[in-house]
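Contents: one structure, followed by commentary.
Going in written order, the chains are labelled A, B, C and D, and every chain counts its residues from 1.
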């Protein structure tokens, strides 16, 4: 069961239909999960801004760097040009190159792209090396292509799946999570969706309840042990007509949602947010038929509800990743427990944060 | 009573002696409160990194822009040179120039500065125009000088004082707040202090309890009314030997503390963090006696406990500002209520977030 | 005579009518020159993006920081919101606060602005303290208002005027300079205008000729003497429909023009570029009548000619400032010579860089 | 012959022994050139900050983005942590992933790195797709490893070699170039070295002479033809004890050197600078033996001569790349001519810019 089904209601805004990034029209998600033998626990998660040829119909986009100890590929071009021209792919730290290679191949081979010679692959990662034999770099190009090609709308599988197969979050098994918010019509009626790959630490709070403290498991709780650094990749989609500047602002607010779960963006964490608008009207054609485009753009004064929405959705997506993940045994016999659901629910009851 | 005295314990780390920014050795705070007639409700708060000549003995510093709808003066030089050469002064939006003028005069007239011709005054602000006749620009140079010259170590007055005299936070009276954390020796033993000028909105949470929702008062709760945008200025001090790069990272984490109070960094909010190290050994002399300095610098691997500390301290400083502020009547008969302490305490009890 | 009239043709693109920033439709420039007694040599230069109420009809804008040892006010808000809501005012380093105060007053008092409570004054500066008794802060609010109110279209006075009255450039008298480029119709037909306040050093080159070396006067030519650090403020206007992202790119290219004059952006130099689009169709209303604006935006693929234009115009504007400035005696008997025109022309002939 | 041997003296500072990036103590360069059949014209250039284990002994580093239309991998981590932990590898646009993969493998397999699970590979690129069948992605992991493993000190081969094998610059054959400057002792005695991969356009100037105009070949000279966009990767090394903040400033000045060659940083150009300090005393150990390091750091006041040095060296490195490159025929019969040396020398004589 997802957090909301358990009675955990984060924030004040309503969710979209699936409470997933795929509530944003056009957005698709595909995942490849690699569980092999005793020591391969990794995978790939691909987020497609729309179902067409993304290179030919780019989407406005931006990146926010929460903590740059990470290998997110493609950032400078997204920032310079204000757009995204490939799927966003998530995987493990040492397979970023593999995923880039696959994204480039995917793009070169799409119909209509026969002559293009430059592709800015956007690939994020977190380090799943506690459970996964990461030094073997077990993800192959085909795994990435499979994730892209299988992407679909509708509900998104969460937990130990795709790029979240081997991740660890607040000392428990993390993974993929998603959530969305849909603004009321008088606030614009737009949808904001978030997908996260959770692999970070801090002092876990769920809906404001001090879960990490109650469980006695949080960073520096035993100062003889260094916390295992980790990362969080966050992907944000919206159908609001935002330009790259306002998408960058939206991305920054997703990081605020991470803060609300007790994340601390530790030195070793690669915390990044990639945000894009999938609105049809703001697509940027690769080849302009005329120099001046006419683009709708939300006036600055109207972006605040979107900020609130993304904070809520990011927080809930992270919590969803924890509830969906299951105890996982991997490399060198390492085992990472799922959050103890019963105990957590009891804690949430103690703090009156579950219905 | 401050939050902690009421039984509200935010975070897991211990506070410094005063639970104030002044716990960081050398740091001084001075304030001028201007309450005149029916419509002047404003003031000045000055934070001095150390008691000496700051221009001659600069301190490493950095700025993080949470949301740049604000007039913080001096940012680009702090970023370029990595240091701060004046007190940090906070006031209202339309008196930034007044405060700059005063900081420049203060610096020019300090002994030893007879020949300097350039001063980078760092002045922050939030907009207190709901209670204060801000268009009159009621702060004068003398008010600023008085704040600087009266700065002292020890406890810091919070609430409706100095630059917090006329501010509004989550729909209640905001103001000045402060808090600190002192790391255990095995985590470095450093102190991190925060001072805030709170004047922003969102959905108030105190120690994770949904206070804003319980009180029915939060942004977009009545969508016919736009939320009053506001701002939060945050000043962070530490005695850890951090360079400007790591101070910038520390500053970013203070913004995470703001997120935990339910702040949303709305479009119109000027949310900034200025962070500096007051450690003696990292002072940067105006006139170098030799080209190469030998500077202690905390290795990246050891900054994470400071990150956790500043998140906690920023959250607590904001909460302190709310508990210290009192109902204030100002311009055009506008009244802003203090947070309803009894109700809030009842809510915190309901959510088991007060001892 | 201006550089071009002397036969110095910089670049390959044609100029606008006045070869001035005022070639960009709507842009106005006003200046106040303060020459008093033996030691006041300073002033104010104001650039208005258009002749209307700028606060009510903001213009897209961006800032590029070449070297941030400077006090440019208003940068973070321009960057965050992507627009400019006041004139850009230039003055001396220690009068930035004075100019901010004046810009705020000007804006508060404009018809239609009776209720506004927040103004982001954009004020740049360079340090004229060699010729000007800068510590006296001789510019007054009235001087700034006069510059704004007297702004007009048409030719712009260059040299020892306004904010350039007391500046020094490459060891010679600097000042205000301006230039423009007008793209051919097949490249868009847009105009780019530049105005500079020159006060920096390096190894002077004029149209590629090594003037500084020939004159034996350049930074570190006598390593016993430190070069006097200085700054360059650059303002760029265009009527091309650029958003703030592309304006930031345009601003960065203006800095490339500075490089071509032999500027080195020394440690102590405050080198900034403020760029805006004055195109009617991209104005951003203070109060939106509807949430979504329809804005024309030049496709990325078509901005390169503008880049070339601004590089040329910035280089020429700097050279113009040198040719227009005259030998000036100021504070403490300091005298700064104008560039030796005859010698320079001879050098340009030697290098075949003058017609 | 290199530019200087031909009598072209750029700037005022003396060069290092080899006039190459390898004049900076410890720096090594290795290259793999791939010329196969009619259509493969590409390669790899690797720059090693020092001869030891770079991951274990990281070097302070920074990145400046001149124009971010490029795929430079590793930027955010360099910026966040202020250091570089791998060789810097340059190749073609569509083989960045290949090079990352190789750099990761190289690092994982180095002695002492048996347990590391995270590597931030820094890989830059330009697009050689006019001469090279780039869509085939002809670079293989072995080619990259060969470049790294063959790296050495001493003279560096320039022109159509390594990552410069297939590049085009100002419409002529570009390639790899390098240069250095050695400051006099009274300015610190430090060395600054630059290596470039030239593949960009604009209006070529050599030592200030308008070569592009004289040859009638420059961007927009025939406005019916769009200029071929290109890129320039610049790597800067120094033995001055600079921290990442000052290295970022140094990197920005290298971009000024590009401007002096007539480069315009066109929309489609990926212009980046990676700068690092190879000074022994500023190495950052992967595993700190104690939390606080004592680091030498050049005081801001003493960096300006380094700025001047890098501007000169970058300009000269670009010019060297042009003089060293030879006419190349490649993909689809495309031929790119070397700059016409005799004509260029004649032009330089006409403008008195060659001895």
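Here, a residue touches a chain if its C-beta (ideal position, glycine included) is under 8 Å from a C-beta of that chain, and two chains touch if they have at least 3 such contacts.
This structure is a prediction, so every number in the text was calculated from the model and none was measured.
Visitor: Just to be sure I understand: going only through chains that touch, what's the smallest number of steps from chain A to chain D?
Guide: When the steps are counted carefully, the minimum from chain A to chain D is 1.
Visitor: Once you find the CA centre of chain A and the CA centre of chain B, what distance in Å lies between them?
Guide: Chain centres of chain A and chain B, defined by C-alpha means, are spaced 32 Å apart.
Visitor: Just curious, how far off is chain C from chain B if you go by their C-alpha centres, in Å?
Guide: Distance between chain centres, rounded to whole Å: 35 Å.
Visitor: Measure off the straight-line distance from the CA centroid of chain B to the CA centroid of chain D, and report it in whole Å.
Guide: Centre-to-centre distance between chain B and chain D: 43 Å.
Visitor: Which chain A residues reach two or more other chains?
Guide: Residues 67, 80-81, 249, 300-302 of chain A touch two or more partner chains.
Visitor: If each protein chain is taken as a node and each touching pair as an edge, is the resulting graph a line, ring, star, complete or other?
Guide: complete
Visitor: With touch defined as at the start, can you tell me which chain D residues reach chain C in the complex?
Guide: Answer in residue numbers: 11-12, 66-67, 184, 186-187, 202-203, 205, 207-210, 213, 218-221, 223-224, 227, 229, 249, 252-253, 255-260, 263-268, 300-305, 307-308, 311, 350-353.
Visitor: Inside the complex, what are the residues of chain B that reach chain C?
Guide: By the definition above, chain B touches chain C via 65, 67-77, 79-81, 93-94, 96-98, 100-101, 104, 108, 117-121, 127, 129, 134-135, 137, 270, 272.
Visitor: In the complex, go through chain A and note every residue touching chain C.
Guide: Those in contact with chain C are residues 80-82, 188, 241, 243-245, 249, 284-285, 287-288, 290-302.
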